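Per-chain numbering from 1; labels A, B, C and D assigned in written order.
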Amino acid sequence: MANLQVTLVQIDNYGPWTVTPHPRREADLQTLQSRLFADLSQLFGEPGGYAFFARFDNMIAVSNGLDLAAHARIQESIRNRYPVTLSLSVASAPTAAEALSTATRQLQDAGSAQDPGRTEILRGEPIPEADRRNDDVQIAHFDVNDATGRYTDELHAFETFIHIEAGYLELMRHLHGDHDALSFFVGGDNVIAVGGGLDRAALEATIEHVEAAAGVDLKVGVGHGRTAEAAGSAAKHALEACRQNGTRVEGELPPVDAD
Amino acid sequence: MANLQVTLVQIDNYGPWTVTPHPRREADLQTLQSRLFADLSQLFGEPGGYAFFARFDNMIAVSNGLDLAAHARIQESIRNRYPVTLSLSVASAPTAAEALSTATRQLQDAGSAQDPGRTEILRGEPIPEADRRNDDVQIAHFDVNDATGRYTDELHAFETFIHIEAGYLELMRHLHGDHDALSFFVGGDNVIAVGGGLDRAALEATIEHVEAAAGVDLKVGVGHGRTAEAAGSAAKHALEACRQNGTRVEGELPPVDAD
Amino acid sequence: MANLQVTLVQIDNYGPWTVTPHPRREADLQTLQSRLFADLSQLFGEPGGYAFFARFDNMIAVSNGLDLAAHARIQESIRNRYPVTLSLSVASAPTAAEALSTATRQLQDAGSAQDPGRTEILRGEPIPEADRRNDDVQIAHFDVNDATGRYTDELHAFETFIHIEAGYLELMRHLHGDHDALSFFVGGDNVIAVGGGLDRAALEATIEHVEAAAGVDLKVGVGHGRTAEAAGSAAKHALEACRQNGTRVEGELPPVDAD
Amino acid sequence: MANLQVTLVQIDNYGPWTVTPHPRREADLQTLQSRLFADLSQLFGEPGGYAFFARFDNMIAVSNGLDLAAHARIQESIRNRYPVTLSLSVASAPTAAEALSTATRQLQDAGSAQDPGRTEILRGEPIPEADRRNDDVQIAHFDVNDATGRYTDELHAFETFIHIEAGYLELMRHLHGDHDALSFFVGGDNVIAVGGGLDRAALEATIEHVEAAAGVDLKVGVGHGRTAEAAGSAAKHALEACRQNGTRVEGELPPVDAD
């Protein structure tokens, strides 16, 4: 059984900051947000985590392998280099959605995201080192079959973009609703889903759902690991296997329940 | 009548690069992509443009005010500092979608996005300086009413995220389909739409559509300007006026056709 | 006669900030400083300026081509993205040292660099556009003859570093004392000097002085231009000519006074 | 007895790259170099190391705590995000200079810094984990007494800069020649020396030498630790003690030999 450790990352009181004393220049906000995320991708990434930009003011990381001291260090590093601060809430559960649910509640209990007095909260309990296992994290890495040939090189760039977004919305909803997995668009035609017990049947059903609902044709590689990095790297190699074999699902998959 | 200049920014042969000779570490790709976008936001932003990350490998900029030399300089700056190169295609039209359509076609005519021999394309015709006017760009800046109170502080972070994404998809589709406008999620609960002739009726209809289709309650500030920056800054101030006045639409709006 | 526009860039009250409430982590300060400089290099560089890191808390830019609005925009961009703010003081004169002298005095008149109440000063007078000429800026780009072969590949890395630093100190002192030029180490074995009226005799005497005093064997390319970028690019090409021709001084040089 | 682990970081074939096919824009090179260093400061810094920019194309890190896998990971991270690659050579010894000497020789043995075929070398032996001790690293953090009051607020900015550079050169030479320590300017009026057996007498003699030779009046805080970060943090606190107590040398100091 998987054991996902998830960290909710929230920029403290960010909305009000962006318009105080008057609206800040959009080019600067975009630069600030994307560089902050880039740094979090490295800071969570060095010890093996994955950070996702999500809404940029609320980011989500798979943080198996980072203890509270590592989280506090990330807060310090950002405080020392940015005009904003971060609150972090960490939790673990057999599925990513359950873990994020606990992490969300912990942060909400500490006060509103726009309460100027609620800054640099650090809450929650990382998985004790002794309890970590080599298959704690499951990652499913999706991409669109021949996105360049069918979309980028053929359609108006914005139509392609709408297709990709529509496919992503169907995917994120389906995997969240049916499997308590969290899916994140990571650029291009790629979506990374952080799951718990996704098996072959679930993945095939997901691909069929997205094809039917949004007309987007996906394939997926699946990997498991002690960290997001280990699981994600295995998933990427499995996705390459799909490409070579012309298959839709590859990777280390739990046996389908025979019932 | 508006005159939108749009630049399609494409990372050359990016997909193959990310998996050659084997899949590159996701944390590094995320850092690369988001920093590249951050730099483009500054490079297009200094002369008054807006860059949007879109799919990250295909970005879109509103580039009124940047001539071909400025575009060539952006290519050079990225080539000098990143392991990847950019192709740029620029076009203008009364609506953002028409301009992007031309820009897309120009780039497709130069070869496939995954053709290793097609690098650093620079095509298209910026608006001649003499033809530029103070209302060439129209920007509509949307946000969600009380997103923090209703969503961030109340819902599971991923449910909030799905709501925002669903609202964005409805908005981008509606404005593209009905008004040839291009809409971009820019973080938090904010979407920036680049339009041509959006009037009050169109904006109210859009807000009603998104409310009906996705249950997301929006407001919008509108601005016009010689550059995206000028138009966007006016739109942000108009959005603040919505907040203060409790209104749904504010800003410089073309008169509704009385017919 | 040259007309150098120089901007003194000072991080406001930086020293105290680095130790408040207790000393901040050095790795973070180094990252902050070098990224701030990197951004200034782009912000001054886009319109053709050169920024030098100097002491990092006090940086110096050759800013021909940037008016006060451009300077204010740089202050805004940094304020929006960093935890610190900048004061800027701009002045012009026939030599870089004179210009910097005026710029320094203007900033000192506004208060101490460690006065917490003295923030975001913007003082001085850029060169009016009508007075700018195509040879306002003179750049001399020095490097060490065969630094890799003689030093990097032969000596202990720190001995090489001491050689380079010693050569730089002699160069900066000599050019400042005798020619009111400002010299900046820019990495590797490269020093860029911003001058006014450096001629062949002055440059040859400088090279001889550094050879005699520090045992470091230099060559130099010289260029002039309307901006630092134009002058510096010409200087770099002249330095390549030295490399090809085995000469010590190349470039556009004022005639030696025949007296 | 100290045990310093030092890593020599060399950008592969960098000089030729900066002028191929023609000299690259200086503003971009400065941005590239300083961002690359900023990233190394974080990459070495997260596990407790200190990176110094030195000549930027040849950087030096105190890397106690980083094994070869961590070094390989740094190479990978840079290769994935920059247009250049890094060679790394690691060695350890009771003094920083001895360690760097070995590291330099290892890299030179692998080929010239400008040999296009010599890329991404990784050589040397980190200290085995079992041999690491809590006082392996000694850091001495120097700054100039009242630099702001005496220099920045009083002198021409370039005269201040020359003073600081001259003081630094005397310090780096003296500590290297007499004590096999490596000293690095880190911005403002700060120099960090990485030593082995610096005691009170050595530090007082150093301060007197720099005062006599360059007229620069220093104070110093000293710390020891298992990592550069631990030692450096203690040194910073000791420097604050100097400031409060009006003393010149503070910190954990080895007893002076009584002879």
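Quick notes on this structure:
Basically, a residue touches a chain if its C-beta (ideal position, glycine included) is under 8 Å from a C-beta of that chain, and two chains touch if they have at least 3 such contacts.
Fair warning: this is a prediction, and the values are worked out from it, not measured in the lab.
C-beta contact counts were set side by side for B-D and B-C; B-D has more. When the contact pairs of C-D are set against those of A-B, A-C or A-D, over half line up by residue number only for A-B.
Rounded to whole angstrom units, the spacing between the C-alpha centres of subunit A and subunit B is 23. Centres computed as Cα averages put subunit B at a distance of 37 Å from subunit C.
One finds 44 Å separating the Cα centroids of subunit B and subunit D.
Listed for subunit D are residues 25, 28-29, 31, 35, 39, 42, 46, 77, each touching two or more other chains. The residues of subunit C lying in touch with subunit D in their complex are 8, 10, 14-15, 18-19, 22-23, 25-31, 33-35, 37-39, 41-42, 44-46, 49-51, 53-58, 60, 97, 100-101, 103-104, 108, 112-114, 148-149, 152-158, 160-162, 164-166, 168-169, 172-173, 176, 182, 186-189, 192, 229, 232-233, 236-237, 239-240.
Residues of subunit C touching subunit A in their complex: 24-25, 28-29, 31-32, 35, 76-77, 79-83. Residues 39, 42-43, 46, 73, 77 of subunit A are the ones that touch subunit D when the two sit in their complex.
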